[in-house]
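These are the structures in question, set out in turn.
Shared between the two complexes below is chain A, which has chain B as its partner in the first and chain C in the second.
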Partner chain A sequence: MSRFKDLQKNLFGGTTSNARQFGMIFTLLAIVLLFQFLTADKIGVGFGDGLTLRSDNLIALFQQNSYILILAIGMLMVIVAGHIDLSVGSVAAFVGILVAKSMADWSLPWPVAILFGLALGAAIGAWQGFWVAYIGVPAFIVTLAGMLLFRGANQFVGNADTIPVPPGFQKIGGGFLPEVGPDTGYNNLTLLLGLAACVAVVWRELQSRRTRKEMNAEPAPMWVSVIRMAIMVGVLVFVTLRFAGGRVGTSFPISGLILVVLVIAYGFYTRNTAGGRHIYAVGGNSRAAELSGVKLRRVNFFVMMNMSVLAALAGMIFVARSAASGPQDGLSWELDAIAAVFIGGAAVSGGIGTISGSIVGGLVMAVLNNGLQLLGVGTDRVQIIKGLVLLLAVALDVYNKSQGRFSIIGSITRPFRREASAEPASSSAAGSEPAKTTVAG
Partner chain B sequence: MRNFFGKSVAVGAIAMLALTACGSGRDGDDKSGSGGEAAKGFAANSLIGVALPAKTSENWVLAGDLFTNGLKEAGFQSDVQYAGASTTVADQQAQITAMVTKGAKVIVIGATDAAQLATQVSAAHNAGAKVIAYDRLILNTPDLDYYVAFDNFKVGQLQGQALLDGMKKKKASGPYTVELFAGSPDDNNATVFFNGAMDVLKPEIDKGNVVVGSGQKDFKTIAIQGWKAEGAQARMDQLLTSTYGSKTIDGVLSPNDTLARAIIQSIKSRNKPVPVVTGQDSEVESIKSIMKGEQYMTINKDTRNLVKETINMVKSLQAGTEPQINDTKSYNNNTKVVPTYLLPPVAVTKDNAAEAYASDPKLAPLTK
Partner chain C sequence: MTNAPILLEMRSITKEFPGVKALSDVNLVVRAGEIHAICGENGAGKSTLMKVLSGVYPYGTYTGDIIYQGQPARYSDIRQSEHAGIVIIHQELALIPHMSITENIFLGNEPRKRGAIDWKAAQRKAVELLNQVGLKEDPDTLIKDIGVGKQQLVEIAKAFAKDVKLLILDEPTAALNEADSQHLLDLLRGFKERGITSIMISHKLNEIEAIADSITILRDGKTVETLDVGAGGVDEDRIVRGMVGRELSSRFPDHTPKIGETFFEVRDWTVRHPISAERLVCKGESFHVRRGEIVGFAGLMGAGRTELAMSIFGRSYGVYLGGQIFKDGKELQLKSVADAIHHGLAYVSEDRKAIGLNLLDDIKTSTVAAKLSKITKRGVLDEVAEYQAAEAYRRELRTKAPTVDEGVSKLSGGNQQKVVLAKWMFTDPDLLILDEPTRGIDVGAKYEIYGIIQRLADQGKGVIVISSELPELIGLCDRIYTVFEGQITGDIARKDANPETLMKQMTSTKKMQTR
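Up next, the complex of A and B:
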């Protein structure tokens, strides 16, 4: 039994948010496998031939959702700081139409147009950040105004037209890693990317063991580390081969690559830098944070501005994938992004949440959407199901917290823990361990 | 530790290489092969995907039901999907991609935004599926195979003509005061309807026989985003306030029934006499309105026939024969002229309603 406890404690992480996050990862895996089974069953083939995990579907899944996941990164930081941003869809649409127009009317080269779009996002973000941070208008109101303002601006500029964008620009949303090197039967760059990810996972695991040893903390048993690495490397190898082995001409999407880079960069920023921790401090208790020297206004200004820059990027990626900017771009994207963040374990009151958790939350919604579509379930019923999932995921978390227990995994393994209940249940909630390794991207 | 690190990297690399070596299931690019495949057709029980816009009018709901039943009768498996109410374009993109994944042989698309589906249509084409644009032409892609629709320019002409005839019936001579409405600017058809109507109305306007009360004649100004009823009602409210305080209005060019009823609603709420209002789509509520003498006309574009022709096309493709086409020059989607099958629309007023809907089980009783 103690081995099981070891495994439970060390494999899934000890702190509340880590445990919640691993719970979400298992939920995600369960949903993926469920849909793999259901789609295979529906078309009458073996489990391995189900549609969900097929190369083309995984690729499509990433392409379709990368823009929402990018929004979720920014939204997580906004929500952790205790705010909300309702304007992201409108900002994305406004930037999208201006970028499309800049290429069509002023014949701006597409790389310049992308920079122009990002600068525009920064300007819009500075505008919203100014009202939130320096005037003190609640972000809900500022961004509600922004939602109307930039939706209107989108229609004013675009005249409700659909404006096509050039093929070069389409690459950032619809492009793939190119085919280079010898013919291995797979996309070589995707293989390299996967290999790099495997090495990173192993390196991080070993690094964290070394740190714990240096701090004279008891590292997790070696066999737990090995199992953990084996699972992660196994999943990575599988996913890499799926992405690399799609139809010739397709591979890991460029938009997915942008997403991965952002997840790693922002993950590092929020976890390991002073600036990132300040966001959590402000969200947890802004008064206390201010008294301990955190520049409140600067943090608030930054998260709002950052959100709009990411919204601009998301808008451009969507326009690129759609090959045109249209009047309905961005409608209710904010809701998808907010849902992803809360499913991923962020607290409504601020101060709690992780980037990787939000990405997993976004993926849960994406896989649900995709799987139900593959099964031929209509959008009306899909929306009902997604609504219920959002409510249940957050309700379960709230309930578990009020019971002093943690997360899904905690409740699954509760019967086992009771027998060996040397430690009180509440001790697990306090961050009894230093920052654990989390799964990167 | 370092040793272990080195080992695990090696193991990972070897595992990946080993898996790489044992043959990949990568399919070739189907682009070259699809021509030959078309000649052969495909299995009779193949999956046919149908992606339709959000359920904003009765017409699309009816079309969905007809596709589901019709494809089933023809022996195909069908997957009929509607876009959601709010995220229409993204939904439709995802649905079409899912159909491609499921291996649909033909994908019929009623586009929500005609210019934002090029990527998905190309993906379908590359996977060997045939793509038929249903009712709305998909723009900017060379990979669209066929287009099937009612002759929409003709629809506009019929609306314009009916507007003139209707006003003449009420008031023997002009000048007649009218207002113009058009459909959603992201729907390619909206422009075609309007141009058709103006083809008839423009000469009369130039002669001064027909006057646009507000002076708003530009498509962008009179278009109603998303074909939304509340949009048309709001615009009519504003026109009545700005232009028709004391004047009376003789006629309104409305592109479809939903907008027509919204316009009539607006006029009735001001206690003004209902002018001649055109429509399109033969919606139940509008037929009732026509029989009551409020809305003047609608267009019968029998969805049954359109769906039937589309399914006939699918059947020909299945058998490996060339589908029936009757227009190979009018519909250019900016990259190619799309082979098209056009069906003729019919104008319906109170006078010929009974005859026009005789074969329609839902509408026929309303015309008695």
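Up next, the complex of A and C:
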């Protein structure tokens, strides 16, 4: 038993922060495999002919969810800073319709229109950030107002009508990596991308081992690293081949590429820069952060503004994919984004959460959604199931935490923390009463 | 007292948490009508023992017997123990700020008439209870509008509303100034005459010596001894010896100050209250600090010491009206905390849990939090540099934690304070302002903190210590300013510092300076 636990800890309970995120990824894999199994033609025959992992389904899954995942990135930062943004769906819709109009009525070229959309997002974000950071209105109220405001503005501008967008623009939502180079039977750029990802995974693992050594800490045994890398690379190779080997003309979607770039950039920002750490500091204890020299208003303004820029981007990608902008765009997106962040382990009170956790949380919801639809479950029941999953995932985590047990979500949510020690709490906090009583002790 | 009947007996109480024995075979005998003090270092098990007694840890989660009024007591929650007349007043007061005194007193215990709350009766009873605890306030006043000393009295009135027989006070004077503490102690003596038994947990040994009839000392979850104060021979040193298990020869480390030139000066500093425009919290005050000097700020609660310190620290309190700050002869413009840190100021706040630390952080992250630029290379945080810095401070300050990855919320008060000190030492300050640096910290850790403060001064830094404990200021500081109602009323050299002089200057506007 203890050996199994060791193994579990080494592989998933991990010794570095990125190793612990592996635990959550494992959960996601389990769900994917479950649906692959359930959607196979004959139950029990095998995974091979399941619908979930077919190229076209994987591609659709990414295209249908990239904008929610982009929102989840911004929402994670907003929630970590201790706020919430209810307006993202409306902002996305408003920016979407204005961008569509700018191309249709004012004949803006599409690359310019994209820049215009991002600038619009920044302006809306500055508006909301101003109220939150400089006037001190709770973000819940500001963005509730924004939700009404920009939904109304969308319908006012578009006369509650749809506006089509040109094919060039449609690429950012519905486009794929182009075919280049020799005919290999696969999409070459997708293959290259997959190769780069594999190299990055190996490099990061080795890098984290080196860092641990420099910190005088025992790295996990080499075989653990090897197994971990092997699983990651295996998954990446499989996914790459699926994306690269789909129907001719399809490959890794452009919107997925945008998502990957954003995840890497924002992941790095939140983890490895002072600005990112300030967001956690403000969410954890804003007064303490302020007295440590953190410019509170600037941080709050930034996270709110950033959220609206990402909402604008998400809105444009959605419009591009559906080839037109309409009055119902972005309806209840805020709820999906918020759910992704909380399933991904963020704390309601702020200060805790990671980008990668939120992405995995979003993917769990996406796979669930997709898998249930493939099984022919109606949207009514899908919603019921998603609601229960959100509630149970967070409840289980809260319960485990209150019992002082291993918390799946908690384990991926401390971006700067390694496993403290192998022993239980007994030897920690030397000489103090156990954690529960130290407050009054 | 030894002849009074036994009111409460706790026999071989053992309480285990996963992996830790918090209490092991603890015995406690409390006689009716006495004031019984429980002493021990942080983590000795005092609070845990009281939680066992009051049913916070229900019967069955511990082993051992509780005999109360001759009957075995098996409380499964706090309501049952309160019903039996055992009321515990916690260190963190359990009052609701936006409710009135009356509403708070009767919260959960409302007098009823035909199902509805009988506010008239409540009002009448509240006035009566406030009289009993000597609090002259309108019972309709909101809790947030009265000071912490008065809030404490409301808590006691609340206990009386429940018909208390055994009153348990956990660090009742920790947040009180000397005058309020004195009032509270007098009150306890009064209760004693009325036959109410009290158990008091406190770190303030002088108070215990003054008031307790017997003292039970806990150490590492075990009973060390019970001292009978009436029998004589019990003084602070005797108690300390019991608590730490060894003789503590001095409460302050030996130190020869190496005082240099004046390098930090504040002139005509004027600040007003953040909301009320007429209220000046700092009335054109001037002071200076020399290199290597430990300067104390003495004053009653609300005198404006914290406000003065925070307003200097990048205007983090109140509204700046006028005044200048000079460091090394140059005038500084400190308009934000970031400016203050940049110019070598550090402020260690009085409330480390509320505003000093992010309790979600680990030691490592906390240590570098106030100067991330020091571990940033080309815009990227260097995790290895962060780890090494935190580890170096952990060793230097002897912070008790397995690694610097430990969450700060898991540390004891003394160790948390060391992390906060490390956080500010990491900013390479020239002037450290320490606001109540040893509040809620046990004797052993205090000694270590004093040593750290002295070492910092010896490195040529200036240190300002704000403290409500006069013996601490007198033992530690080279010079002490007294503050009264926003004004500096005294500048007293070490050799002239004694509690009487300080107390006199802390309560009068007449200026005094000694050399």
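Brief remarks on what is shown
Please note the rule applied: the second predicted complex is superposed on the first by the 386 of 441 C-alpha atoms of A that agree within 3 Å, B and C clash if a C-alpha of one lies under 4 Å from a C-alpha of the other, contacts with A are read in each partner's own complex, and residues count from 1 in each chain.
In the analysis below, a residue touches a chain if its C-beta (ideal position, glycine included) is under 8 Å from a C-beta of that chain, and two chains touch if they have at least 3 such contacts.
The structure presented is a predicted model; accordingly, all values stated were derived computationally and were not measured.
In the superposition on chain A, contact of A:N272 is made with chain C only, not with chain B. Contacts of A:A288 after superposition: chain C is touched, whereas chain B is not reached. Contacts of A:T162 after superposition on the shared chain: chain B is touched, whereas chain C is not.
Residues of chain A that lie in the contact sets of both chain B and chain C are absent, per the superposition on chain A. Within the complex, the chain B residues that touch chain A are 1, 4-5, 8-9, 12-13, 15-16, 19-20, 23-30, 55, 79, 81-91, 93-95, 97-98, 100-102, 112-119, 126-127, 139-140, 184-186, 220, 223, 225-226. In the complex of the two chains, the chain A residues touching chain B come out as 43, 51, 54, 56-57, 60, 64, 155, 159-162, 164, 170, 174, 184-186, 191, 194-195, 198-199, 202-203, 206, 209-210, 229, 233, 237, 240-241, 245-249, 318, 321-324, 326-329, 331-333, 336, 369-370, 373-374, 376, 378-380, 382-383. Taken together, the chain A residues at the contact with chain C in this complex read 211, 214-217, 272-274, 277-278, 280-281, 284-285, 287-295, 347, 351-352, 404, 414, 416-421, 423-441. Within the complex formed with chain A, the residues of chain C that make contact are 17-20, 22, 42-43, 45-48, 51, 90-92, 170, 220, 313-314, 316, 336-338, 340-341, 347, 349, 354-362, 364-365, 369-373, 376, 379-381, 383-384, 387-388, 391, 400-403, 405-407, 409-412, 415, 423.
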